[in-house]
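Next come two complexes built around chain A: one with chain B, the other with chain C.
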Partner chain A sequence: MMQWDLTQALALFLHTLGYWWVIIPSVLLGILVGAIPGLNAANTIILLLPLTLAMDPEVSMFFMVSLYCATHLGGGIPAILINVPGTGGAAASTLDGYPMSLKGMGQQALAMSFVAATAGGLIASIATLLLLPFLSRIGYYVHSVEMVVIMLFGIILIAAIAAKNMLKGLIAGVFGLLLGSIGADTIYSAPRATFGFLELFSGLPLVPVLIGLFAISEALIMIEHEIVASKTGAHDKDAVWAQTLEGIHMAAQRWWHIVWTSFVGLFIGIIPGAGATIASFVAYQQSRMYSKTPELYGTGHPEGLIAPECANNGVGPGTLVPLMAIGVPGGDTAAVMMIVLQYHGIVLGPRLFLTTPNLAYGVFIAMLLAYLFMLLTILPMTRYLSRVTVVSSKYLVPIIIAFTLVGSFAPREYGFDMVVALVFGILGYLCRKTGFHVAALLIGVVLGPYIEQNLMRALRISNGDASVLFSSTLGNLLWAMLVLTLLLPWLRQWWVGRAAAPPRA
Partner chain B sequence: MFATPKSATRREFLRDSVVVGAGLGLAPWQYAAAASPFPDHNLRAVIPTAAGGASDRLSRTFCDVWSKHIGAPTEFKFYPGAAGQVGYEIYLGKNAHDGYNLLLGNMDADVIMYVLQNPPYKYPQDYIYFCRLDSDDNVIFVPKDSPIKTIKDLVALGKKQSVTVGTSRLPHPGSIGMLALAEATGAQFNLVPYGGTNKTLNAVITGEVLCGIASSGMAMNLLDQIRVLSVFSDENKLSGLMGGAPAINKVLGTHIPDLPSSRAWAIHADVLKLYPERFEKINTTMKATFLDPEYQKGYIKTGAPWAAVHYGDREVCAKHAGLMIELTNRYRAAISASKKKA
Partner chain C sequence: MNLPGNDKRPAGGDLVIPLLAGSFAVYYISTVWDLPWEAKANGLVLGSLLVLLVLASVFGTLHSLYRGTASLSLRKLIEPIQFQSKRLGLVALMIAFIAIMPYLGFTLTLFTFLVLAMLLLGVRSVRRLLSVAAIAALVGYLMFIMLLDTPFPHGPVEALLGKIL
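Now for the complex of A and B:
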């Protein structure tokens, strides 16, 4: 890759800044797309293909990248305000973001999440720009075995979420894993439990499941209440700027938390196929594990919101690493970007940094600028967005159901998916009424297929020898960390108990 | 001066109505409608893969030029899922059999799906392939820094130990190629499916598997990361672009059939009987598109090599589909959980 000096870097920064007229509209569009469940960057870029194919390559790339980054931030808005994640990566944000809204701290939660999200994205973008050659090597060490262990970190989050009722949590998680096994198997593509529905051949569609479990079930719960915010939380109906500043201050106080959870997102984003949903859940689990007050998670704890938001936005730059450094897209959105660039005759990979450095490095600078513009545009909106929590349910519920049903239809344009959303909506409602955590169910549905794919692949490579799971140094290190994660609550309890025990006479 | 009009009797009224009705039925505009030029509205293409993929790109590039020859634009509908079966079922079950509706399929992979998944439609009774757009040969490749330098090295290694081979899916022409190679040489290849060509490429480049099999169109974009050992084609049309990689039969003396990934237009089989003139026009104009320099220009702009464009008529398509059916049944046990032959 090219060696840059400060003058060149500054010139490139100013060159990219000249595309502000592309970045700002795409940021605004991305926030809107991210906030609507069912819409995401990939299908928006596909819808706008006639536009991006007609644009200049730099313009189209900066447009797509800015849109992509902004959707991650936008997904957190409904997740916090009405417990409806706009994207899969924001599902974990509901765990502590929504309880904050219920307590009347929606504005603070939004401000905190925006600061965390943009900081997470900025940190990941800068790190990627500076460390790209190193980061691109991560893919050489993380393979199927390591992915199994990383996914298991997410799975044990089920136990953490279900701490108050372990049995129900495990039932929900295992049920989610069972649902996740629906569809063609990894090796032979033989359909399982599809009941003859072709639409289930590729498994349960994630977006309708997410929409049903969170959005529709939440809408059904909302019908039972006048407004989203609780009675105590809604007493102060006039939102003031001080609450936004309070949210910013809460985020700033936790700057170290922001930094390291951003890197969790970045590293997971680099792994092809991993994605924001996995990154946000793993970051949440890690944040809880190392917290001095893990019992506060799930009650509206700031770190519980910061961790998934940082990881969710740290993923963005990470997913572009394999695309830019190797030429292989790490996810669906990156794949569509690659197709647009190939149409323009641009071949991605390490050569791009030599042949068209303005484009190659410009992508990451565009991300930096996108996050800066995001913060400037969305932060002033927190005061008004948070008012959603005091809107009457008789207006909010039909809007949520209408938008989310359209959102469940959008990805594949199958009416079947709308039925899936409704079915999971009813399932989610029953879960909420009977004390089963929908997040535990979702984790099983999302992570189950990934674990199976990677496990089956690892066993296939080793011809069925299970010891392959302990055959790599990095894998064994991750296993050790996993065991520590499992033992940590008891170790902590023992340590605290020992420290609190009265001294022997 | 004028006679008072006589009221018609019921019989007279009925008689006159029949005469008028028959006249209207024979009216010129009836013939005009039936004889209206085809096409008189947009054509529709069903694509059984997701939007934004290679088929999307290729179909748009082709139809941009074809629309000038046939005189109407094409609308695209994407129905991904079930390895293409969703798209085929919708096309065959819900689209009118009037010549306005076409399907662009990955012919080889879709035929494999047809054999293994036993869908409720029949080939070639319900549909036929009639215009192959491209023929993207499948290639065997290794990472650039691999100690395996040639296809002979790979086969020699495979005779000593099981060699892991990354592939997009087991039911895939490339996978069948590797199985045929194993059968022909006695080498052991352990096929590891990654659920997509990009993931396969990544797995090979990062060293999780020793080698991989993928279409040349995908592999040639990464020639600074990989080395192509050989091509499953008697004639390596892209040899120059593949670093001189030889055709597999020429090097090893085997007789493995050509196993490309090719995309072809398909149409309802009964259109040939019901609207033969429409089919003739579609067929003729599609063939003319291949000769149009605008198509070449547009195709090259997508980054794909023009040498991969390989027109194939009905006969070529039928022959190739028949070969894929035969090979799929032959290697069914290795690429499918179902051991029952179709």
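Now for the complex of A and C:
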């Protein structure tokens, strides 16, 4: 693999900078697409496939990665302002971002999240470029057994995050996993729990589930308030530039938090299949676990917004590492990119860095440039975006419902998917009202098919011997961390209780 | 410890999701019971785990009921009660939106839904009702039909706009 040399790096940087005319419009389109629930980088690239396939391979790749990065940032906007994540990776941003909006700090929250997101993306892009020769090897060590543990880890983490009541978090998470296992099995194609609907044979469609759980259920709650920010009486009616600057300052004060949570995103991004949703929740949980004030998380705590935003954007460069280095797509968008590159006759893998360094390294430089452009274009918009929270819910609720319902139709073009969104909207409403965290349910649905795939792969390799799940060192280490995460909240509570108890006479 | 009625934790609502989850787990297991092990292993493991968690939750609630610290009230789920009619109205409108779209077409259904939903939520100015709904429906048409070419059902508005634009 190519070693870094400063002159060559500068030449590559300038070469990629020459494609600014592709990167800037892609960034703007990506922010818009990310902010609309139901649209994401993968389905937008698919919709624009005729255009993408007609482009030169470098142009199409720079277009796709810039769009991909920008959707990660855009997804946080509705998550913070109206508790509706634009993409799955932004779901964790609702936990503290939305409470900040309710406190009348929507503009600060947006500015802070933009700085965190772009810094997260920049740090991860630079780190990827520097570490690429080593990072590309990580994918080799993660097999189906490790994947099963990582995914279970994801569920436990979200249960712990959701957990004011951990049992409720676990019920929601496992319920989600079982819902995610709806559909025909991959070996015998036998339908399981499809309620007789052909549309469910390929599993629950994720976009309608996301829309239902977050957008529709939130809209059904939102009607109880005149405006979004009125829950606490505070709002952003008098938004001024000073609030944007305050948000930037709040992010800058937490620079170390930004750095380490970006690396959490980067490393999780490298694991094929893990993706932005898991990364952002893991970063949130790790941030809360090591915080001196964990009780503030969920109430509009700045660190609780910075962590998932950094990880959500740190994932981007990580996801492309296995794609470019070993030809294994790390997620759905990477899979679409792979199809486009294969159409152009480009063979992915280690040789790509030797044969076409302009493309192989250029992709990561394009990401870096996309994040720089994003920071410049989005920050001036925070003042106006935050005004969404003062739009009357009489107008906002019907518009959210109508546009997200039609958004649920867009990916598969089935009218049935709008029904799925409505059903999950009602389920999400019941969850919200009774303290079952919808994010835990969503993560379960997302991970359900993957956990089954990997579990089956591991069991088939071992001829059905379940002890295979404890057969690898890395896997066992992850199991130990999982058990520790499960026990840590109780141990911590016990320790605090013991310290607070009056000494015995 | 027996608390007076109003001080008791309303635990009825807390049982709704566990009961739904438990019922779904039983249904899932019933659909995979006769399948080969590869097709049912995952479902059996997750379904059994879910049933155990649900039983733990139900047991916890029953324990609170026995101690007199909780009641089976659904207060948590339905309060504040004055919004329930609007909420049910919105759900009915969503069902109508999905059902009627194949007949009226995307744009007209979107416009009608927005007008009725805003009316239900308390917008009384006819000018605002019509203008907000018309602008939103036009944006929807431009984005989904014109730009993204999503195959939503076409109706009279699409036919007319298709000729004009």
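Here is the rule we go by: the second predicted complex is superposed on the first by the 464 of 505 C-alpha atoms of A that agree within 3 Å, B and C clash if a C-alpha of one lies under 4 Å from a C-alpha of the other, contacts with A are read in each partner's own complex, and residues count from 1 in each chain.
Everything below uses one rule, namely that contacts are C-beta pairs under 8 Å (C-beta built on N, C-alpha and C of every residue); 3 or more make two chains touch, one makes a residue touch a chain.
This one's a predicted model, so the numbers in the text were calculated from it and none came from an experiment.
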### Task
Using the touch definition from the top, say if A:464 reaches chain B (first), chain C (second), both or neither.
second
### Query
Is A:187 touching the first partner chain B, the second partner chain C, both, or neither of them?
both
### Task
May I ask you to name which of chain B and chain C touches more residues of chain A?
C
### Task
Would you sort A:11 into first (chain B), second (chain C), both or neither based on which partner it touches?
neither
### Query
After lining up the shared chain so the two structures overlap, which partner does A:397 touch, if you call chain B first and chain C second: first, second, both or neither?
second
### Message
Just checking: does A:144 make contact with chain B only, chain C only, both, or neither of them? Give me first, second, both or neither.
### Response
first
### Message
Let me test your reading of the model: by the given contact rule, A:406 touches which partner, first (chain B), second (chain C), both or neither?
### Response
second
### Query
Intersection of chain A residues contacting chain B with those contacting chain C?
185, 187-188, 190-191, 413, 460
### Task
Flag every residue of chain C that touches chain A in the complex, lowest number first.
13-14, 16-18, 20-21, 24-25, 27-28, 31-32, 35-43, 46-47, 49-50, 53-54, 56-57, 60, 76-77, 80, 83, 86-87, 90-91, 94-95, 97-98, 101-102, 106, 110, 113-114, 117-118, 121-123, 132, 136, 140, 144, 148-152
### Task
Provide the residue numbers of chain A that touch chain C in the complex, in ascending order.
47, 167-168, 170-172, 174-175, 177-179, 181-182, 185, 187-188, 190-194, 216, 219-220, 223-224, 393-395, 397-399, 401-403, 405-406, 409-410, 413, 415, 418-419, 422, 425-427, 430-431, 433-436, 451-452, 455-456, 459-460, 464
### Summary
Residue set of chain B touching chain A in the complex reads 51-54, 56-57, 78, 80-83, 85-86, 89, 116, 162, 164, 169-171, 190, 192-195, 198-199, 201-203, 205-209, 221-222, 224-225, 301-303, 335-338
### chain A residues within the chain B interface of the complex
42, 45-46, 49, 139-140, 143-144, 184-191, 198-199, 201-202, 272-273, 322, 326-329, 335-336, 339, 342-351, 412-413, 453, 457, 460-461, 463
